[in-house]
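Each of the next two complexes has chain A plus one other chain: chain B in the first, chain C in the second.
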Partner chain A sequence: MSTEHRRSRWTVRTPELLVPATLGALLLAYFAVPFVAFLSRTGAANVLGGLASSEAQMAIRNSLLTAPVSTTIATIFGVPLAYVLARQSFPGKRLVEALVILPLIVPPVVGGAMLLTAVGRFTPIGSAAAAAGVPLTDSLIGVVLAQTFVAAPFVVITARAGFGAVDDRLEQASRSLGYGPIATFWHVSLPLARGAIVAGIVLTFARAIGEFGATMMVAYNPRTMPTRIWVDFISGGIDAIVPLALALLAITLVVLAAVQRFGRVPTVIDR
Partner chain B sequence: MSTTGDHTDSRVRRRALLGTVGSVAGFTVAGCLGSTPSVSVLSAGSLAHTFEDHVGPAFKDETGIDVHGEYYGTNAVMRMIEDRTKHPDVVASADATLLRDRLYDEFTDWDLEFAANSVGIGYNDDTEFGRRLEDGESWYELALDADEGDLAIGDPDLDPLGYRAIQAFELAESEHDLDGFREEMLALVYKEPEEPQIMAGVESGSRAGAIVYRNMAVDHDMPFLEFPAAYNFADPELADHYAMASYTTDEEGYTAEGRPVTYNATVVDDADDPGAGHQLVAFLVDNPDLLEDAGLTVGESFPRPSGNVPEEVER
Partner chain C sequence: MTLEIDALTHQYGTEPAVDDVSFELEEGELVAILGPSGCGKTTIVQAIAGHVSPTAGRVLLRDGDVTTLPPEERQVGVVFQESTLFPHMTVGENVAYGLAAQNVDVDRRDSVVDDYLALVDLSAQRDAYPAELSGGQRRRVELARALAPEPDVLLLDEPLSALDRTLRERLREEIARIQRETGVTTLFVTHDQEEAMALADRLVVMNDGHVAGIGSPRRLYESPPTPFVASFLGRSNTFSATVCKRQPPTLALEGNGVRGEVTLANSSVDAAVGETVTCHVRPSDLAVDSSNSAESPLTGEVDHVADLGRRYDVTVRLEVGQELVVAQTSPPPSVGDVVGLDLSPGKLTIFETSHEEHAGTEPTPS
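Right after this comes the complex of A and B.
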């Protein structure tokens, strides 16, 4: 692309993007101001010191163990569900769709309470699991249950939009060439919807690793980064939560960047 | 983009993903099985710092048992036990009588009061309110002078800290001959449901001060003006005087009379590990220094047993 061409595109496009860019900048400022104010409360030394404690490291470990598992479970079960919802009409579909967004609507604490009534210690499922040595509450499994409940809708909803945007004539072409439905899904639909699916996985991971409300109800211990942040906040105030909050942010950003890179999701929409 | 290239690529990624999932799953199982012995504590939020930073580490050093704390408002703690939402070994309450009223008979038949706390104003010394308070002006005149929402109290319907603030206003009204002080203050203060948010509001300067316990101020290095004994609820000897003030909660219609702020703990009947629970309660009683360090007050009159205290605890 020549410099001249680029300059002309720039001048032509500037006024057209001025309004959306201004509006967007206001929102960005709204995100950035509290963030900067929060960060300005502490120095780098405090952050490293705060992260050196064994409690903080245990919390990081627990979060790094649970959030990927929750995201994987949500993806393995959520992407096929998204495909069915995008491709098939059936009686009760509205009900299924409502069920998918239910965890997004209820406050996480309520979601956690619902999980407790289903798998809590005194329920048939919960007591059977505990008797088998696999406690579903106050365990890493409990954390995964809570995270999956709250975060899975993101991958379902986003992947569904991705599959919906795939021209189904391409799938028909694949079928007419003799490929079965699974081969078609695997080689045609899935690659074409990849961008949306990866975006959904990223959202699900971010939501899972930051999950607090439902996790607190189902498994306050062992502590993940958000629960540890809460306890630090209760016992030490705002300054005490800066190190783990920053670590949580850094981990999520790294994962996000890695997934975008390996999932080859472009930062600018391809034309 | 060639088809073959794409396939190799996705296969590699798939294998990497499976590898990650496999190792993560392995870790998870190992993490669940390799747990150290632990005792779970459901406690008033005002004891979070005490358990997390003082009692927990010391108890672990002495016994090798991890203390797993969960912290909520005391009323929420009682509700969670009653509803069987939570099933801890030890329950610790910021209101000794509340624990007896709500948990005796069905969940336990004993408790030990192990420390007291005093009520006062935690403030931000960068605010005008804070500066004038440090200059020696009386808190109640400054409080009446404050703008609506400058001062915070706990939610009196959810948290003893909240209704104690109102009871303190009531006792201060008679102590200092301030007609209508309680009602005026009720109209002025902001009711903050969560104790941590109360502290955060004052620390960040969005509020000038809040009625808090001394140990909360100690935890946060927050300047603190302790109320006089007549309404700081820290002197068990003044129990009758404190009882002259009362507050009835909206939702449950529970009437709380003013009483000394004493912390008590019990081990619930169906605890998973009653032995470890008894050990932890005994440890609280045996280590007053730890509690003092955390901002609590452990006077001569502690510990104060109530009900059928098990032998392992009483010793």
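Right after this comes the complex of A and C.
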């Protein structure tokens, strides 16, 4: 009895997380291997030389110009929408929620085609805008339209989870202390959901700056970094795209660091 | 009148939560709404604060109808069951929050915050964040925050229910002191009858969305207006009987093929002869009488005895079948003894069985 007891104490226990950790490690390896393989090409390519070309500089300029604008638009309209979705039940709410998810489900290239059918050059809106001197396709505005369409759901969904985690009794307390709904939003709801909203903004930015499918349909020109990468790849293969790809990666890494700095990234989970 | 609730009715969808509730609070009064969970207490608080728009009825503050006003335009302070301190603000900023809305200038704001933190004895915690405070300290900060803008009415919605017993009793004293010192008209919502009776000048007892009784704790305890109040306030024995005679009031108890009559002293019966009534008597108003076991229908066998330290609960099974509990401090009879029960004069409360469960508003005793 006692020896048995002792033996069981010395048996090495299988760690509880062995199975999920193994499965997760396989996926991580699958992420890491292409990444490392791609980076190993950098030696063969002249990165700085590649980035010095006027085409590359124009693409970087266009991307750094459009992605922040798209992110700002998505934030200005998306955060209020997220707040309403987190706080209010109304008939047709499911439909609204489905609409928010729609750009995530539709393949970006199809999303781009949808945008073309709405604001393309030969549609009433597109032709009117072109006549007024602000073409909605093949322009920086077109790039912003495509990026906003594809990337905005991220800030809506993340901010909504953030507002959902704020107890609405805190808002009631603020109201009873003399603050109207908008003042309460500024002083209580917004600061408390700040982490989630920032994370959502960052995700939206990362998605916008990397947007290719919809952008290609709506504004193949002027080139952004992703469309430039595509053009370089067609003409020069993998090595030709390494400089711009690394630049894009660097921007995305800065973005990622920002996410880490603002704490945990809330997952895309409803309250 | 500082606060007046007039025929307040509220439904969530088709679910009625509060039905035709009326009561009022005088200046400086502390009134408790007491009732089991789900009786509509919180809905009333939410309607007074303006977070719920009632289906019907009115809320009046200082004689002005505020039913349709948003919460920020009513001078109502609220403390909820769970902490609602703003976690991103310090204690001082939390207390100053309501003052800033009233455009009180910064210097004055500072001194008011000092005063209210001193009132709740938390001056040293002014720069702490809510997460650094204990549960009891958080409650006190919330009281200070709710009181600082000097509201017309302070609403306390189960403010002590989330705390442990010792802390609850200490904070109860604290609330009583703060209410005395500030003189703020207070509506205290609780399901705990001891808490309500210890704190309140008057009670509004609620059951199932209705008012079951309004009055001072002692009056409601001693002469409950409805069977619900009788059974909810303190412990009570309930049994049914038939009216035999109205002068002097005589009731018949029947069961197990046995029938006996009890003549009551110092009581009156409104029900007609032959009608069935429900009787309530408190365990402390019954006494075991071992010598008198002859003709009274209140005779039975001791079923069990519980020793509760300060007193004994003696359960007696009557010959007519009903069980009554007697509370006594003297040594109890043994299980199996046949005893008679003496009823203190005037302590039996009689309700007609068809009695409506809810009472109307009663005049405020002055």
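Observations
Keep this in mind: the second predicted complex is superposed on the first by the 225 of 271 C-alpha atoms of A that agree within 3 Å, B and C clash if a C-alpha of one lies under 4 Å from a C-alpha of the other, contacts with A are read in each partner's own complex, and residues count from 1 in each chain.
The rule is short, and it goes like this: a contact is a pair of C-beta atoms (placed from the backbone, for glycine too) under 8 Å apart; a residue touches a chain by one contact, two chains touch by 3 or more.
Because the structure is a prediction, the values reported are computed rather than measured.
Upon superposition of the two complexes on chain A, no clash is found between chain B and chain C, which fit side by side. Once the two complexes are overlaid on the shared chain, A:Asp167 sits against chain C while remaining clear of chain B.
Once the two complexes are laid over each other on the shared chain, residue contacts for A:Leu99 go to neither chain B nor chain C. Touch criterion met: A:Gly236 reaches chain B, while chain C stays clear of it. When the two complexes are overlaid on their common chain A, residue A:Ala250 makes contact with neither chain B nor chain C. Of the two partner chains placed around the shared chain by superposition, chain B is the only one that A:Asn221 touches, whereas chain C remains out of contact. Of the two partner chains placed around the shared chain by superposition, chain B and chain C are both touched by A:Pro191. Once the two complexes are overlaid on the shared chain, A:Pro68 sits against chain B while remaining clear of chain C. Counted by residues of chain A touched, the larger count belongs to B, out of chain B and chain C.
Applying the stated contact rule after C-alpha superposition, one finds that A:Val33 touches neither chain B nor chain C. In the superposition on chain A, A:Ser176 makes contact with chain C only, while chain B stays out of contact range. Once both complexes are placed on a shared chain A, the shortest Cα to Cα gap between chain B and chain C comes to 5 Å.
Contacts of chain A with chain B, set against its contacts with chain C after fitting on chain A, overlap at residues 191.
Residues 167, 169-170, 172-181, 183, 187-188, 191-192 of chain A are the ones that touch chain C when the two sit in their complex. On the chain B side of its complex with chain A, the touching residues are 6, 10, 13, 17, 20-21, 24-25, 27-28, 31-32, 38, 40, 45, 48-49, 52-53, 68-71, 84-85, 87, 195-196, 199-200, 203-204, 219-220. Of all the residues in chain A, the ones that touch chain B in their complex are 61-62, 65-66, 68-69, 72, 113, 116, 120-122, 134, 138-141, 144, 191, 217, 220-222, 231, 233-239, 262. The part of chain C that touches chain A in the complex is made up of residues 49-51, 70-72, 74, 76-78, 80, 82, 84, 86-88, 97-98, 101-102, 145-146, 149.
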